[in-house]
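Presented below is the structure to which this report refers.
For clarity, chains are labelled A, B, C, D, E and F in written order, and residue numbers in each chain start from 1.
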Amino acid sequence: MIKTTIPFGPQHPVLPEPLHLKLVMEDEKIVEAIPAIGYVHRGLEKLAEVKDFHQNVFLVERICGICSVQHAMAYVQGIETMMNIEIPDRAKYLRVIWAELHRIHSHLLWLGLFADAFGFEALFMQCWRDREKVMDIMEATSGARVVVSVNVVGGTKRDISSEHLAEIIRVVDQVKEDMKNMENAFLNDYTVKHRTVGVGHLTKEQAYSLGAVGPMARASGVAQDLRTLGYAAYNDLCFDMVVETAGDCWARTAVRLKEVYECVRLIKAAIDKLPKGDFAVPVKGNPTGEVISRVEQPRGEVLYYIKGNGTKNLDRLRVRTPTFANIPTLLVMLPGSQLADVPVLLLTIDPCISCTER
Amino acid sequence: MGLMNTSRMKSPWIIHVNCTACNGCDIEVVAALTPMFDVERFGIVNVGNPKHADVMVVTGCVNPKTARVLKNIYDQMPEPKLVLAIGACGGTGGIFAECYNVLGGPDKVIPVDAYVPGCPPRPEAIIDGAVAALGLFEAKAKAMKEKAKKAAEKAKAEA
Amino acid sequence: MFDFLGSVLKNVISKPATRMYPYETREAMDKARGALGEIEIEKCIFCGICATKCPSIAIKVDKAERSWEFNRLKCIVCNVCVEVCPVKCLHMDKAHLGPLLAVEKTKRNGPPKPAPAAKAAESTN
Amino acid sequence: MIENIAEITKDQLLGETQKMSGQNYRFVTTSCVDLGDGNLDVLYHFDKDAKLQNLRIKAKRGEEVPSISKIYLCAVLVENEMKELFGLNVTGMAIDYGGHMLLTPEALKNPQSKITIEQRGEK
Amino acid sequence: MIDNLIISLIAIVGAPIIGGLLFGIDRRITARLQNRFGPPILQPFYDFFKLLGKESIAVNQIQMMYVLSHLFFAIAALLMLVLRQDLLMLMFIFAFSTISLIIGAMSVRSPYSKIGAQREIMQMLAYEPVLLLMVFGVYKVTGSFMIQSILDYPMPLIYSLPLVFFAFLYVLTIKLRKSPFDFSTSHHGHQELIKGLTTEFSGTQLALIELTHWYDLMILLGLIALFFAQPLWVGILIALGAYFLEMVIDNICARVTWPWMIKATWLIGVGTALVNIIGLYLRP
Amino acid sequence: MEGYVLALLALATLLPAFCAAICYVIKNRAVRNFVVVVNTLVLFFITWEFVRLLMGSNGSIRINEGSLPAHLGEVIKYLDVLLLGFIGYQGLKLKKPLIVALTLAQLVPVIFFEFFMGVHEPTAAFVIDYLSVVLILLISLVGPIIAIFAIGYMEEHEHHLHLAKTKQPAFFMVIIGFLGAMNALVMTNNLSWMYFFWEVTTLCSFLLIKHDENEISITNAVRALWMNLTGGVAFIAAIIIIYQVKGTLSVEDIAVAPVAGAFTGLFPIALGLLCIAGFTKSAQFPFQSWLLGAMVAPTPVSALLHSSTMVKAGVYLVVRIAPAFIGTILGDMVAIAGAFTFMAASAVAISQSNAKRVLAYSTIANLGLIICCAGIGNYVALAAAILLIVFHGVSKGLLFLCVGTIEQGIGSRNIEDMQGVMKIMPVTTIIMVIGMISMLLPPFGVLITKWLAIEAAVSMPLVLLLIVLGSACTVVFWSKWIGTVLTMSYKPKYAIENIPTSIKAALGILILAVFVVCVGIAPMYNALIDPQLKAFHLTDKIQLIGSQGGLWLTGGSNVAIGGFAVLAVFTIILALFIAIPYYLHKGKSADLRAPYLCGENIDSDLRGAEFMGPGEKPAGTLVRNYYLTGAFGEEKLTHVLNLIAGAIIMLMLGMVIR
């Protein structure tokens, strides 16, 4: 029997990023899918060894534009642990606010792209329209829309003024309001459900053994969210984990949708409890030793392994990003699905290839 | 101007090529397509297919693997075509220029017509870049015609 | 099936969310980092701190030649150079800068040291 | 500095990993560190209930290290990456990209190892 | 004879102009439905002329042949409509037009183009029975297959064929490649098949395909108008209304999968049309 | 005058038989080829003469028994027994009890009927009317062309099989003999004689399918034999009943519109049995499997069985007796059975990737449509039925020959392997594509008949639904096949393939015939088919006329209620054909780009057949057609469809019994 073999990517309009799949199909049923990466590999981990540890903050932010805040957060937290720096409480809360704003923007972005993957253009536009509100407040508070550069070793780079805090509350409330409409469309619309329910099903055991992280794992019922570690100010903000059990694309959508509400709640709680005081401490000396720092990104757990050698340069910076952990699930989800589901499945892991390959 | 040139200026279809970008520019390019900035006002549509596209929007620096892809996509676009490089990486490789697997900006592989600075540039900057690039269409079309004429003459001479 | 109908119809009767850029420009945010502004070269002491601190090596300072060279297409707009400059001769513009048609570096030569009164000479290469 | 780290030899690796798998640990990733002169440290990170458990083995560049992808399929990517970037010869991977997962055949070999960057500097 | 010639000429020239304008309005309204400003109304014409001016590249020599055949047969179908010929044969000629494009897309070795063509074939499998049943319903009412007889029929057909009209609207979504049925090629670029059917057509070829779409639109709207042929202007208004409905549906639906579409079309489309026709039999 | 006709008649039936004998006896290739060509030319001449004579007559050419040689009837009786004996002997030799049983089931009634009942033979032994002439045209034009094709084909075929001793003499004997039997079958007016020729064709097809003598061909030949023998049993039963009821065996007298009240008793059952005989011969569901099995035979055999002979005998019989059951419940059931076959065969064809099987299913479908039209039985429907016999015969003959040629060229009959055949065999490919288009699209004949069938089926919604669904399915399998063979990448120059002269000649004549019958549809209809329909004395209000280069349906008052100007569309096609050389010439390699492979093309590969896959390894792209085996899979559907078809036939018999 002759089977269809086609390339999928690296230049493909449904993929914002270059990822290549070799698909082998029968009619449109995928029987084999081999991912190929390397289109975004820059060698960033090596570059981090020649830049100094302050400059590396800007470098790790640019591992990925969508989760830059959390990348920087994981990195600076690692360095701070290594150097035993106790940062001010206000900085911790500010980091949480920015991180959660970033999570909202990332999830809205994902929801939009996901809508686009199953051909729902209006929904895509709606998501991105609402996301712009978050982008605006990001620009107002940090000076840039995407790569905000607010985290530095020893705290944050800037403070958020009280007017801006009020503005943030207004915006997140508005986003929450807008989400209601979209939630209905994402979770209840017949055509959308036709494309998501039962597609790319992962059982809890599969998700766990494949090392899935973040919303991928939580949608399969694996209660795993590193914010429970209580880094930054998460310990003080009571935080609810969103877990779904269906394990399909629908559940992943639901998890991310509900996380947006959770983010809104966290931001408001953080602003509520925001202590007064300094937002950064001066940093002296150089990092030395080994440390592992983990942070929950919008896409899941990111792991930083940092090895310092007492100079301003690092010996090794190793980043394991959430997408890297989620790609193996594709090996299980893709075979047996339809060609039309490939973009849906690819997006459902919320791929961030630039993270994956660094 | 002429009807053809007006049409060219008013209907630039783009193909967005992500070389080795960090996603920052990509999401800003996509944001430019969405309601808040809506570049369809200028007739800009993301067609995602080099054979239909007039303007190639490149984000990110180039590594050996994407260099191959970029060249290939560029060759598949019909003349007259423009290339718009987005962001610091699109210009010089930006912060990644010193990485071992980075060759530099896209201009190492294909001719780039306009650069949009920023890391990442705002959607407004991308719109500015697109508008600036469109002005180059007339010259490009002329060059295309001359090239075709030369090829025809050459074929005639050979025959 | 019709769960999104309401939103769509609301959109059609409401005003488009589109900002009519470039016909209408909105005011830049207070803290916005648009682009590195023009250096006040007469203030510059060519200490080179900005160049060493720059994460993406976009600035080159030549003490001997008393020149400050900036590659705008390499700049990642991180604001570090502005923060570290001891004499505050650098500043960040709120508005972004327009597109470039070629890769060009901005080179500014400071006034020669012996004659601080001389006017700033400009050349672009 | 790193908690819960166990130093093992590479012969013990498969056994220890099997044990981890038996105790329902999730595989997180491996980190490879070049110590110079072709000496590599390989750390295997496992996680259970947000607690990390690490294994460390020592190896030389080019040495054979067994793949754990038969136990944890998700280790495939990272093992291919180590093979490609550090020249660690991981054997028996479930999917073998033949050392060209990230880089083209013309690119520099083992670019993240210490020696390469010095060679690069000389050029 | 001279009358027919003049009508044909007007149709050949006028249809693409109106069709193009309607496409422009479609894009504008779609943009508004998405809360965007949208392109100028004349945008399709800009696109068309720009495409004409592009370098002519191809994958093989005779791609253009298929495109021309696609265009010519669409024009032939339009002429059959305005000259009030046999409705059933019109459907066949119209199908020929689509098949030309399918074959053209399959004639290149591009995987996306080929898969798009396969999907288009599946679409034909879905909607062809409905179109033929529609013709049949028309015959049951008017006793003739000629379009002339519909215009001569004293009552609008909609009174006797409401469900057939519904089935036709359903098919219209497929024919206009609107979401939820834009599998083979899509008006916006984010699809698993790139541009599917039209991936390998560029420049002039693509311009002619666009032109054919305009003709197609006019034929389809013309067919809708036939249901309300008395008086014709009501029919035209309803046709425009149906087109607006398609735009709205386009914007409130995700793309479904084609196996589902075939099942649904055979069930809903063929089903409703058949119920209507059986009703006609039972009616004294 | 009569003597001339008699001579022609003898020539039409006996010349092939004589030539067949020569082929068998003189085993010289040159002589054989010469005989085949002469036979062809003579058959062409005979056909022409028949047409000429018929035009000059008042509707039919009749030959009474009296003018035939004496004892011809007796001779045929004995030959009949001999033939059945031979078939029984074959059954014994192959150790197939079923065959022996079925043979006995025929032999006993035949002996009883022919020798002990004292049958009155009808006075008009041969009646050649327009229907007969249409069939003769088909048999004597397409059949010999296939024989000519076989000259080149069999040479290559045997070369391929490395046979020690050529089997061609026997092969050509059967093929040519087959044509004689078919000619006789469509001319005779005597039902029992028709039965004899019917059995001759059964035997011939058995011998031809068995030709390669390998295991699978013998199995399939046996299947063909027993299925057709079943039809034979039905036939002989019908003959006996009809003779009991009507007291005559004259086809003319049987095939008349039933007088009020006459359609009762056993007569409808006899007609039903005749229809079943027709179903088996034209491979209707559930008897389709023999025709599919026949695909193992060399391609000329398939071509012959599918286009002009064998299967056409079945539909000929049904159309011939159609006037007897028009408007009755039997007619309706026949229509449903035919329409069901049309839909079922078209649906199953979607899942087939073997080119010959696709063609086979398409044949079954079209035969179903013919039978369906005969069952509907109004003026338009019968016109469609007869037209379809012609169009289908010509196009399908051409297609089989093309597939055969391509199969020998590329060594595969799988549709998927035909990607890029354009490069190897451009001329054959283009001819084949035109052949396929003529099966699918306007303005070619098969579509026109489909159009007529739909317009005729308005009185029966169920039939209509089946036709409509079936015709959607036909679009699927034809268009994907056309697309596959037309796949090509840029090539500066196309070399014309090297194929034997006989094959070239056969393809050339047939493609010409395809165009001629389509362009000349109006005159052909007016000259040959309309008179036949008039002779059927149909009372429908809706009539079909050929004018203005097309066909037009007219209601009572001469107002067109449907119609199609074939010539107008031909002009467009012609214009497009003229455009081909222009674009072939205009295309330059400079304008060439590789197809889009997501940017991972391998640079030197302009065909786009390879891309850079994972791990920097090149991988091939290949897109297979969709076969929807999940929904239309053959194994899955066949049982269900056979059951339904069987039920329809049972119902058909049951409803007429009452």
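Keep in mind that, in the parts below, a contact is a pair of C-beta atoms (placed from the backbone, for glycine too) under 8 Å apart; a residue touches a chain by one contact, two chains touch by 3 or more.
The shown structure was predicted, so the numbers you read here are calculated from the model rather than taken from an experiment.
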Using the contact definition stated above, find the chains touching both chain A and chain E.
B, C, F
Contacts common to chain A and chain C (chain labels):
B, E
Can you name the chain whose C-alpha mean lies closest to the mean of all the C-alpha atoms?
E
Pair of chains with maximal C-beta contact number
E-F
Cα centre of chain B to Cα centre of chain E, whole Å, reads 34
Averaged over CA atoms, how far is the centre of chain E from the centre of chain F? Could you give it in whole Å?
36
Cα centroid separation between chain A and chain B, in whole Å?
29
Chain-centre distance (mean CA atoms) for chain D and chain F, in whole Å, is 69
Chain C: which residues touch two or more other chains?
1, 3-4, 8, 11, 16-18, 20, 55-56, 76-78
Junction residues of chain E - those touching two or more other chains:
31, 33-38, 55-57, 111-112, 115, 188-191, 194, 199-200, 251-253, 259
Touching two or more other chains, which residues of chain D qualify?
97, 100-104, 111, 117
Can you give me every chain pair that touches, using the contact definition above?
A-B, A-C, A-D, A-E, A-F, B-C, B-D, B-E, B-F, C-E, D-F, E-F
Complex contacts: residues of chain A adjacent to chain F
2-12, 20, 22, 26-28, 34-36
Residue numbers of chain A touching chain D in their complex, please.
34, 36-38, 41, 43, 45-46, 49-50, 81-82, 208-211, 224, 226, 228-229, 289-292, 294, 301, 303, 305, 307, 315-316, 318, 320, 324-325, 327-328, 331, 357
Residue numbers of chain C touching chain E in their complex, please.
1-5, 8-9, 11-12, 14, 16-18, 20
Within their complex, state which residues of chain B touch chain D.
64-65, 68, 100-101
Chain D residues within the chain B interface of the complex
102-104, 106-108, 111, 116-117, 120
